[in-house]
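In the two assemblies presented below, chain A is common to both, partnered first by chain B and then by chain C.
Presenting the complex of A and B:
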């Protein structure tokens, strides 16, 4: 920790701490509204069908029902990329697709009304596999997407949005290789982060064209923009971001749920609350994309990768909103971890008749690397390479370049992460435990231990734009305008901390506005790990701008130049003569000072997380226990130690490490139903099964913003899954390539049980 | 804490219970101000009594988020019918701080001091489960804390900081 700061790097109390521990924090479902109606969605039991007829008359007659809406009742509002998915359609494309909406005076009545809607379906054949979906004659989800292949590219990233990695000459590269490995690997178990708070929204429509929403989203400002486009750019949208009870990327966008609440409010003229049940949350909300990679890699004896070619297929479910963005970011991230001159990696985003994929922590890169690193491991085994040495050699170094999400080439100007990798390896005891590929680190009876390592990093830390205002009041208090919801990272408090540091006022004197899109300037939202560098820079610059204005106003009174002044605790003084001083009140009672700060995208810095794991496998039962985790990273400068620890400990839960051990969404590929859409059948780690976690955090100053810091929150989940497969394979001496490493798969790999044909996951 | 009334059998149309030290009489019926026999305690606390500090995650008894104390022991309020609570004393997260002084329970203060939360949604349930343990066993060892909290779901992984927060007050309760 640096001693030069008063608040930065110190453990400070979260601004919302008392509210959290007393139950006073207001999540969307805790807000009170007069005349509130409750919304419910009738969902399709079929994976693919045309709606031949819908009779809603019985439902409409139920006392307490205020509106029943079907596709015939609603405007032609559409979302998706491309924008082809109607808010309510005449066709359903997955089990759970919205058929009708109900608003009623109570939840019970709304639920009862759903059962009174009579729907006649014309069933259509369905497809659940990406390869099958691309075959001639496969069921087609949209006329606009022949072969079920989604239009490549993310328009928001510009016309050259990254959709492939192509450079150099792969044939020449393979010619230089000492070993060439080819194979197909996947990460298709759809692990779900399942934040505890269900997705929800309250909408209040005001004629003729204005709507206000209270949302549980991670990036509430973005909702106003997304919904504005979904609503044909004819509706004025205002959002209030409530506290967000966990997101892990999934609540970046909730346009369907929000649109449904808006339609019901428009139809009734009353506020309508729509909160998903846990079954809807798991079966009808955002899923992680499926990833399947057929690829070929060439490698030299020293671990130099000479060529990568192949195809990355991404299952987006019944439509895509952000999947092309995940492909773009994933294509960038794979270059960050593989210093290779020759690439021909193609991609395709494919629609299938399951619930849609969307943003999830790891955002493309985790999915791609969970498929790619098992392939690299085959080559490393052939060459007897230590994976830690490989990672150190191949992670991006200053001066290296990469194509990023907009298709442009960037030269990396960040730090070399080899030190953090090395120190992580020492903390873990890698050298003592690594016995070579497919070699256990120890054996005791039926218990075999193995170790593994994974790496992940992202140049998203400087992505997109942020704006902030900082208002100085004559009484020495400060108000930060930043449209940020608190979704668990503590960043609202961290921006307060940054502003307090710039202005040298106690954190108690700094407040932050609610996440109201009408009073705050533009904010893309805390996507990825952009919070510290991107959002933080806007707050810092706004505070610096306010400070500069304050000095200009007060300088004449102190008979000094503005650049000779400093401030602390609401007092401005001459730096060289601190007795020449005056309080902020000298700005005048009838004045506030408003500073403005902006951050513009910068893709020349990247973060890095290396995760080491040790597992113990019982070869009798096939059970895998996670014993130990070491995360190693370098953050430039720690902003808040306990907050950072929380983010790094998050490596286990929100579909991170545990997605390689037991977490999976089981989709029945005969019926399209998700079989474990509840929290008993969807497995999650309990307090009784906690491994030891050590976090090795270096602080090598980075040329980012005033505090030389970068974010790492998002990437904590990503290196773990591939490390687990490596560790389990080493423990049992046989390759295991499918996620998660359930007892059944372990015993199958050991030849102790016969493979059975199964649908969906291994549960 | 108030003691439960001696009369355990509910009168025909009422449920009487004590919530956070205050006597509450609820009518059974189908009007908005009444409670239905099918209402869970979680629903009654949140929707009828306005005590939204108790959160609901799974509504299925699987995650511990809705945990409250009934006569001092942790229960899942989403799996408890309000009509079952006649004559009982319920403490929710709103009832932990000292009602007169507003002073936080030492456990709540420890959660703040250890930043034992991230998104905070599971936190009230965590605190209530831990409170129940400490009432029964004021000086638990760490494994006992883990066991007591093993039904509480947290996705941010606040577990490590929660353990520290609980262990910091273990053995120090009045």
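Presenting the complex of A and C:
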């Protein structure tokens, strides 16, 4: 608990609170530039085609148009993993793919110019399904990817980047099983979290080889590295991470959009702003990967999983940038929730003719588990096992091991999460409501209620590296250098809080630099839940280093050793004799102290989120209503209670629980059009329909950093979808395995949709 | 958006004259909530050359009852209709239907005339120009209806022909139930169209130089039992998957009048004649209501993915007849979003027995 801390664990005012709520915060679209041009993208009407010819002469003649670019005009810049996707290509691979770019003095002129570009397409057959894409003779998206299978492995994770889970002897494992279940399940509704602010950037090129970008991204330092590689390692890239109006993982990267803005600035010599419309955001920006798993699982009567084998197919759309990373992390995460000795789980990342998949909160693990847990449920049903008991038994325990994303074996040294699961179950009233598999918890007329539970956890809380500087000024103020954009979680404020706690100065005395890649040290960015442990540790260590230097400088004046000193509120004093004191000014007016902190990856700790849900199903209309949610977790030490509560309440949207209720991206599998690229047809929960949410948070100290805390923000979305399917199945008494549980699917599962003769002109 | 000419009409005559002069290239702007979608997404082959603002026409915002008709001006806002005490008392289905539209913000600007004349919501028809260009279809005059072999989960189960988009108007369901008619003005004068006849598979019954001036509901002699139900995935914002209005008058336990109107199931609003006839002269019971509902959907011919709408429509007809208004319509007053009331935060100690020593940081209840 927080008694020992002055700021940590207490509700403190967010540094940017006033600016955000008064509208003063400047997002990318609010930034002002002289001579600014507006960029627009001409998008393909076809899911797969070669560009036979492009005539841009009419567009170029339109007054106000400053540049029209096609694949023939631009350098051979490429992104993707492997790096084979050109920023503008002679081929288009999805409906919405970039055909040409325009920069003009106004948005309207740029848009008008798009309609004046004449394109002749040579149509190619397209493929929208992963199994079909792997078949011989299927349309090929890239020469370099035979069978549309993306080169496995994430190079950034090293040569052994996890791409499968293989250990033990699965045949022996199946031999020991009391029940073996086999099946194919998917999580293929490619939901989109749709952060309120659409993706965007402003680029300013300076000859010969320098570019500065103002980005709306979650990880602005990483943008400089990604773009440096995309630009053939010949361009010096600087980013300013503006306030980011939400990301939920999707705005980890925006390399295509950013590259397009850079190309237009390079062509015009002027700053170019490129901001997606809501339609582009949904139809031409990254989606969650599609997940399909054909697998076999063996289980013993007590809930011990004896073997898992199968194949996990991941639909990445028209390219992969991070999907192999999601596969690696997903393969790690499935081991965290399934203590099993025998594995043979293979994977493949497959390209199809729809817009690309990218990072989304739940990064691989949510996609895999949403396909895997329905299979486990079948086994649990056969053995009449309570899923809460199963989760408690099977979630990673201290001393267990797992292969993590780099392919190395790690021994878990965190806590046992059974206590949080148990307290969550108590808060929810699980025992009172669980009536067994496919049994409703209550029935009233046409309304049937059911309960479900899901679990998710990630060892990404200590992934990747972070660096920070902390500068102490003689006036008692502090400046934290950390290349973090504020993407809505309040973490910038939390790092200030951590530094304030270490240095015992009021938070008002601590500032944080803008996320400028040129002045700040390396920062991978707030991926996953790494913010608290990884990024926080760098800030803490930088503050501790600065504190140490301060004491070394001041110790002689107080005639004490540095280790005898302490500081609070800009005063250094001898711990044992606080009257021997002097202010930070004693460091000298013409001096600042610069501390440095670094975090190196640690995959031996993992977080855990358990989500309980209760739904009510109308068996006549098929409508599913979410009545209540209980999230249960253990975070070691709460840093900021309202911030944490906000993250946990995020369990609904951002393609979380609601991706099992109504969120889905509707892709026409004949034409490749995304049919619901607007906020009426993409079903996004509104504030007037919030269920009851209880967040049960334990604080069992974890051996992480100074504050014994770990992050949990990312994983709130992930256990929910599978819990919903379980709850709906229990409510209606038959299995429902497809996401989302729409009225159409519920009524079909109930066998109530009558077959009618298809006459009257209908197909 | 593209450039267009904008004029403020001061009279109905000015408005229809402008429409006639533009010969199909002008659009009326009342509340604008549907028009802006067209202007932004440019989903139609032609972009309007002119926008005729009719909000500047005085005197078209009224709800009044005379000897024969309840008359509503075409520019009456949905918010005013949903709050009208006259409608609430005597024509509750119309007030409820207006209230079920979109959100308070939209109802504050959207008009009854606009709600009736809005374009269909078909996802192919409305596909935005900026993502690869608009999709051609029968309704746009070239090609087939893509929904027939495509994603037709929201399309017609009744009466589709060439185009299977459904009428999205909620108020049209209520007005069809009341046998209402539209008073339509064109350059040549006025004419009347029954709301039930207004919609055809490819377009509504308005010529390009006409506008709706008034909506006329034959006066109800008494206040019958009446219910409007709308099925959506989300309570606010959404257009209906199915909507149903029903009206029943009974004398000594026998139905003397029964009317059923179904929305979002067909290109127009469907009156369930056979079901209505079945009920007249019979007692209204759970059983007869269910039988009537079966009859109401007897002619349904679903497409590949929308047979489930028959189930929903059947359930809604039964419930509407029985007056089961369980789909509570949310109140207009939206409660201020208070993050501390959104959820309950239980800060628990792991060393104490579960269920004890729970510190509640915010909210009140803790189990």
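Please note the rule applied: the second predicted complex is superposed on the first by the 753 of 763 C-alpha atoms of A that agree within 3 Å, B and C clash if a C-alpha of one lies under 4 Å from a C-alpha of the other, contacts with A are read in each partner's own complex, and residues count from 1 in each chain.
One rule holds in what follows: a contact is a pair of C-beta atoms (placed from the backbone, for glycine too) under 8 Å apart; a residue touches a chain by one contact, two chains touch by 3 or more.
If you're wondering where the values come from, they're calculated on a predicted model, not measured in any experiment.
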item	value
Chain B versus chain C as contact partner of A:753, first or second or both or neither	second
Which superposed partner A:46 touches (first chain B, second chain C, both, neither)	second
Contacts of A:163 with chain B and chain C, given as first, second, both or neither	neither
Which superposed partner A:638 touches (first chain B, second chain C, both, neither)	second
Touched partner set for A:673, first chain B, second chain C, both or neither	second
Superposition-derived comparison: chain B or chain C, residues of chain A touched	C
Chain B versus chain C as contact partner of A:497, first or second or both or neither	neither
First, second, both or neither for A:696, with chain B first and chain C second	second
Chain B versus chain C as contact partner of A:16, first or second or both or neither	first
Contacts of A:423 with chain B and chain C, given as first, second, both or neither	second
Chain A residues contacted in one complex by chain B, in the other by chain C	11, 108, 277, 642, 645-646, 649, 678, 680, 686-688, 690, 693
In the complex, chain C residues that touch chain A	1-3, 41, 121, 123-124, 126-128, 130-133, 135, 146, 148-151, 153, 160-162, 164, 231, 233-239, 241, 300-308, 310-312, 314-316, 330, 334, 337, 339-340, 342-351, 354-355, 361-362, 366-367
Chain A residues touching chain B - in the complex, by the definition given at the top	11, 13-14, 16-18, 20-27, 29-30, 32, 105-106, 108, 193-198, 243-248, 277-278, 486-490, 642-643, 645-647, 649-654, 678-680, 684, 686-688, 690, 693
Chain C-facing residues of chain A, complex	1, 11, 43-46, 95-96, 108, 111-112, 114, 277, 279-280, 283-284, 419-420, 422-423, 426-427, 429, 446, 618, 620-623, 634, 638, 641-642, 645-646, 648-649, 662, 666, 668, 670-671, 673-678, 680-681, 683, 685-690, 692-700, 742-744, 747-748, 752-763
Complex interface listing, chain B residues touching chain A	32, 36, 46, 50-60, 62-63, 65, 92-94, 96-97, 104, 108-109, 111-115, 117-124, 127, 145-147, 149-161, 163
